[in-house]
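Multiple structures follow.
Note that chain A is present in both complexes that follow, paired respectively with chain B and with chain C.
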Partner chain A sequence: MTLVESATTPHRGSAPMGRLLGAELRWVLRRPRTLVMLGLFALVPILVAIGVVVADRNGGGGLIGAIAGNGLVLPVAAMTLMLALLLPLAVAMAAADAIAGEAAHGTLRSLLLAPVGRGRLVVMKAFGVLVVAVVATVIVAVVGVLAGLVVVGGADGTLVTLSGTTLGFGEAMGRVGIAALWTVGQLAAVGAIALAISAFTEHPLVVLASVLGGLIVFGVLGAIPALDWLSPYLLTTGFSAGADVLRDPMTWGDLGGSTLRALCYMAIGGGITTSRMLTRDA
Partner chain B sequence: MFGKTVAVDGIDLEVPTGAVLGMLGPNGSGKTTLIRMLLGLTRPTAGTAELLGHAVPDAAEHALPHVGALVEGPGFHPFLSGRENLRRVAATEPLLATKAIPDAVGTALERVGLADAADRRFRGYSLGMKQRLGLASALLVPRRLVVLDEPTNGLDPAGTRDVRRIIAELHAGGATVLVSSHLLAEVEATCTHVAVLQSGSLVASGELGKLLEAGTGGLVVTTPDVDVALEALRGVGATAFREGDGIVVSDGGPPAPEIVALLVRAGVAVHEARRRRARLEELFARLTEESP
Partner chain C sequence: MGIAVAGAVGLGLLAVPAGAGAAPELPPVSAEDLVTSVIEAKDPGPLHGTVTLDNQLGLPALAGVPQAANGSSTARVWSDGAGKGRLSVPSGQGEKTIVDDGTTVWAWDSADKTVTRKAVGAGQKPPEADATDPAAAAQKAITDLRATSTVAVDGTAEVAGRPAYELVLRPLPTERTLLREVRVAVDSEKRVPLRLTVLANGSSDPALQVGFTQLEFGAQDAGMFTFTPPPGATVTEAPDRPGDAQKAQRPEPKVVGDGWDTVVIASMPAQTPADQQRGPRGGGDAPDLSSIGKEVSGPWGTGREIDTAVATAIITSDGRVAVGAVPAQVLTEALAK
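Up next, the complex of A and B:
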């Protein structure tokens, strides 16, 4: 076998998908701003834990109040808290860099000229955004569990549910896992919409501003009683469903409903992204 | 695409296989737009483009693996080193086997003289180094066509020589090269064919030598005996006139060997006789200033 034959494989129109995804993964996880952001995210559950311990004497209500003396509530509370703005911010940033950022750097052109097929490019980019969503959520969940056990402590590694019953450590971890999975689903919906916006611009800031602005507008619309009919269509309506994993027995209604809604947003975002990328100039 | 601006219009140009085509034109004449259409980055509103026998942009994926391109300046990520940037590009190259990537990247970096700076961040590269890295990414795989849009932009004289050498190597290896440039000396030194664009239209194209010969012809004879020479030539009906330190004999009269023989017989000291070729610069100026 000659050198030329071993170095090239002539009958292929595109690089292997696994290699493309690997390259995207390395690129996403080496980006300094992603790393800094993930590091800061790890601090949030710790800060919440410290806050709860300091404020413990005064007592408190709601999800945060439930953390007091009940550390395993912390990861779920942290994820729910951060789903409001911080986690979507991370996903929007990843999506902004994924297409708009590449276009701004002139690297989208290299990808299209390689060629990475335009359909494959969308898959590659969606994968990168999903990775950020998963990593960010897992970091919050894991640090939340650790901070809950170490800083807050209490209940001997068991979880006292919002319904007042007690779950063992294993089942508590299962509940945290369900909450994390559900959170990733919601983030994937945000990411799909962000990617669609990213496909239309070469200014990453436009993506960031649109997604955060959109979340705020959705939140406001959802809070207006006269617009009740609108709330089933708003992604943010289901953002509080994560706390349902802390009930005993678990209620699946809101978790399932919000996941279904997230899937609809993903389909819409994915469709728009794909149709735009198939014809986009670079 | 460009709003109401017509960037290129009615261009019919064929690049012969194995040629080094220099694309010339003033700023904004449509060179880059034409290249972008050829590579499938921009969809023309009318007309067709074909790349290595495949229609673009619809069947571009069959041709693009064999095409290396540096278009509109080098595009890389500032937070990665030159080598890492190139590896990322290499990972997307269909013709590159996974295990061959590190070697291909190393070879390409050496070829453009960037081996020493390969592990520095792209952020800190000079304009010329960025340009070299862009060139390296076009050379990752043996190509059938290499498209270089203003390759010598920002390069020092050594870099310009390197580009010239690389183009010559590609040409020797049988690849077709398409270079756009506004550096006429560059094109004259490296290209076999030229195409001249002006306001989005093709005003001239063809083999460089033929284009240069057409137009300003004539035989230039360097001699101290101008008067004797003019008299002798007028005697046989040839048109000749004094120019510089010699004479110019216009085409249309006797062929060159006869003219030289005649002059020598007349006792004229012929120091040098050569066909007059226009410099590319004159040709370019004439072509781009004539058209409206």
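Up next, the complex of A and C:
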């Protein structure tokens, strides 16, 4: 009896996951504002490279200063630089559109009524946000490598680490890859929180404002010495760990710690989003 | 919702400082035996570790004087056990690396991409190495303070994942000092000090703690002990330190007392005409001290007194400096001698 039933009437939420994710992917990546933003992101490493070259190899300290004559630092520096606000902005925009934007347009209702499980809906939306995070990070990394080699050049296609050692091109690409992977992890945490906020409001702007405002507040809190007990809880505390891929041998402590922290934020954001969407009225 | 709670709990767990596990069970050892074994301990051989310095001394910042910042700083050390070594001091977005390959000491600074090289005799350590060697610092503390202390073994601790005995040196009642005790965590197997903690009177938090937070013994990659200046770096020969020549002319510092209430009286470096021409920020080794401390005077003259949690210093107007881990009165007595 049960066999016959399941064979004839597809039960709720059985639409193939692959098709759902594909539809979400097309919807996210075909949005003009996403494309414009990704295009602008590609300009940032190029601008940094031109700035460093124009500054005549006298760029001062920090990661930006390390780029001079050492082009392969550029992708890592660009990712670290943009992780502060620009990359989270992209993720927050995608998350705002994903749920709050649909609610504002009235299209969320049809999604909630469609024969798609609520849990699958959350997975689908989270996947869309993650894709934006990955694509944005990869664009910055790839353009960073190209601009570093072409515009900045120097160091014969090798990477001079902060520790004063020289890495070959292959190993340098590995380091850039680790930095990109780590950046996506941090962005996924931002995205999870943004999705949770998105699930509670019908105004996409609220999501954008809370995420960017939250990041700024976290940054301020992390800079106050009297509140240093708070810093292990703040996502932004680990945002500077990306520079550790430029050390030789690499130190994994801060990268690992910040990734664990990001996983906790993902769990919090994901849990809240799921429970809100499961209980939400259509 | 359960996942969200798990995430919040995980975040809380991450914030709890690691370490502080259960005290390891170790065979009892007498304080005397432990001290002897530490002083006679063999070189632990090749090692790699992370050293953390936690500085709560509250030293006033002096322009032109290199010092570890208040708060916590870390360094990574490698040693091949035969005189070669590598020390790397990371900062936020840079790193300073010092490599001793046996014949040359290379110092790399990522901030300005400079390499400074200095030829050394084999086995001669760069001066920077001492400051980041908890073992050497602790060994010196034990030898210096033994005679004027009650020495005891106060349980065990786990330092950098290794079981260790806690050796405690407390000043005898006759010692006039600001310090309450010095604790040395001694590795139970290799008998090398792993951590040195200085506690001052009136505070339960360490005033100074230097120790390994991660440590492994065993053969190290030989590549760690060589250094090739990277392309694009500026390589300079280290000038003979200007201090070396002056030090020879300067009288040796006078030591008054012994043990915990030792007072060291040194004379301030006189400003050379060249320094004065370069102006107050000329980088001479006489820092401007007129802005810190408080004015004091006595039969020994007048000067400025600088107080920190663990030490007091008096700089007299006639160019003498008295320093010790003692109350100011002991300093003035020593100056009057």
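Convention: the second predicted complex is superposed on the first by the 265 of 282 C-alpha atoms of A that agree within 3 Å, B and C clash if a C-alpha of one lies under 4 Å from a C-alpha of the other, contacts with A are read in each partner's own complex, and residues count from 1 in each chain.
The rule is simple: a residue touches a chain if its C-beta (ideal position, glycine included) is under 8 Å from a C-beta of that chain, and two chains touch if they have at least 3 such contacts.
From a predicted model like this one, the values you see are computed outputs, not experimental measurements.
Asker: Looking at the overlay, does A:275 come into contact with chain B only (first), chain C only (second), both, or neither?
Answerer: Second partner only.
Asker: Would you check which partner chain A:232 touches, where first means chain B only, second means chain C only, and both and neither mean what they say?
Answerer: second
Asker: Touch test for A:20: chain B only (first), chain C only (second), both, or neither?
Answerer: The answer is first: A:20 touches chain B but not chain C.
Asker: Classify the contacts of A:177 with the two partner chains as first (chain B alone), second (chain C alone), both, or neither.
Answerer: neither
Asker: Touching A:51 in the superposition: chain B (first), chain C (second), both, neither?
Answerer: So A:51 meets neither chain B nor chain C here.
Asker: Should A:265 be classified as contacting the first partner (chain B), the second (chain C), both, or neither?
Answerer: In the superposition, A:265 contacts chain C only.
Asker: Taking the superposition as given, does A:116 touch the first partner, chain B, the second, chain C, both, or neither?
Answerer: Once the two structures are laid over each other on A, A:116 reaches chain B alone.
Asker: Just to be sure I follow: which residues of chain A are touched by chain B in one complex and then by chain C in the other one?
Answerer: The answer is that chain A has no such residue.
Asker: So in the complex, which bits of chain C are touching chain A?
Answerer: 1-8, 10-12, 14-15, 76, 88, 90, 92-95, 97, 106, 108, 110-113, 115, 227-233
Asker: Where on chain B is chain A touching in the complex?
Answerer: Spelled out, the residues of chain B in touch with chain A are 1, 36, 39-43, 60-62, 64-65, 67, 69, 71-80, 84, 87-89, 91-98, 100, 103-104, 137, 141-142.
Asker: Contact residues on chain A for chain C in the complex?
Answerer: Result: residues 61-63, 65-66, 69-70, 154-156, 158, 160-166, 232-233, 240, 243, 247, 251, 257, 260-261, 263-272, 274-275 of chain A touch chain C.
Asker: Provide the residue numbers of chain A that touch chain B in the complex, in ascending order.
Answerer: Per the stated touch rule, the residues are 4, 6-10, 12-16, 19-20, 22-23, 26-27, 30-32, 105-117, 279, 281-282.
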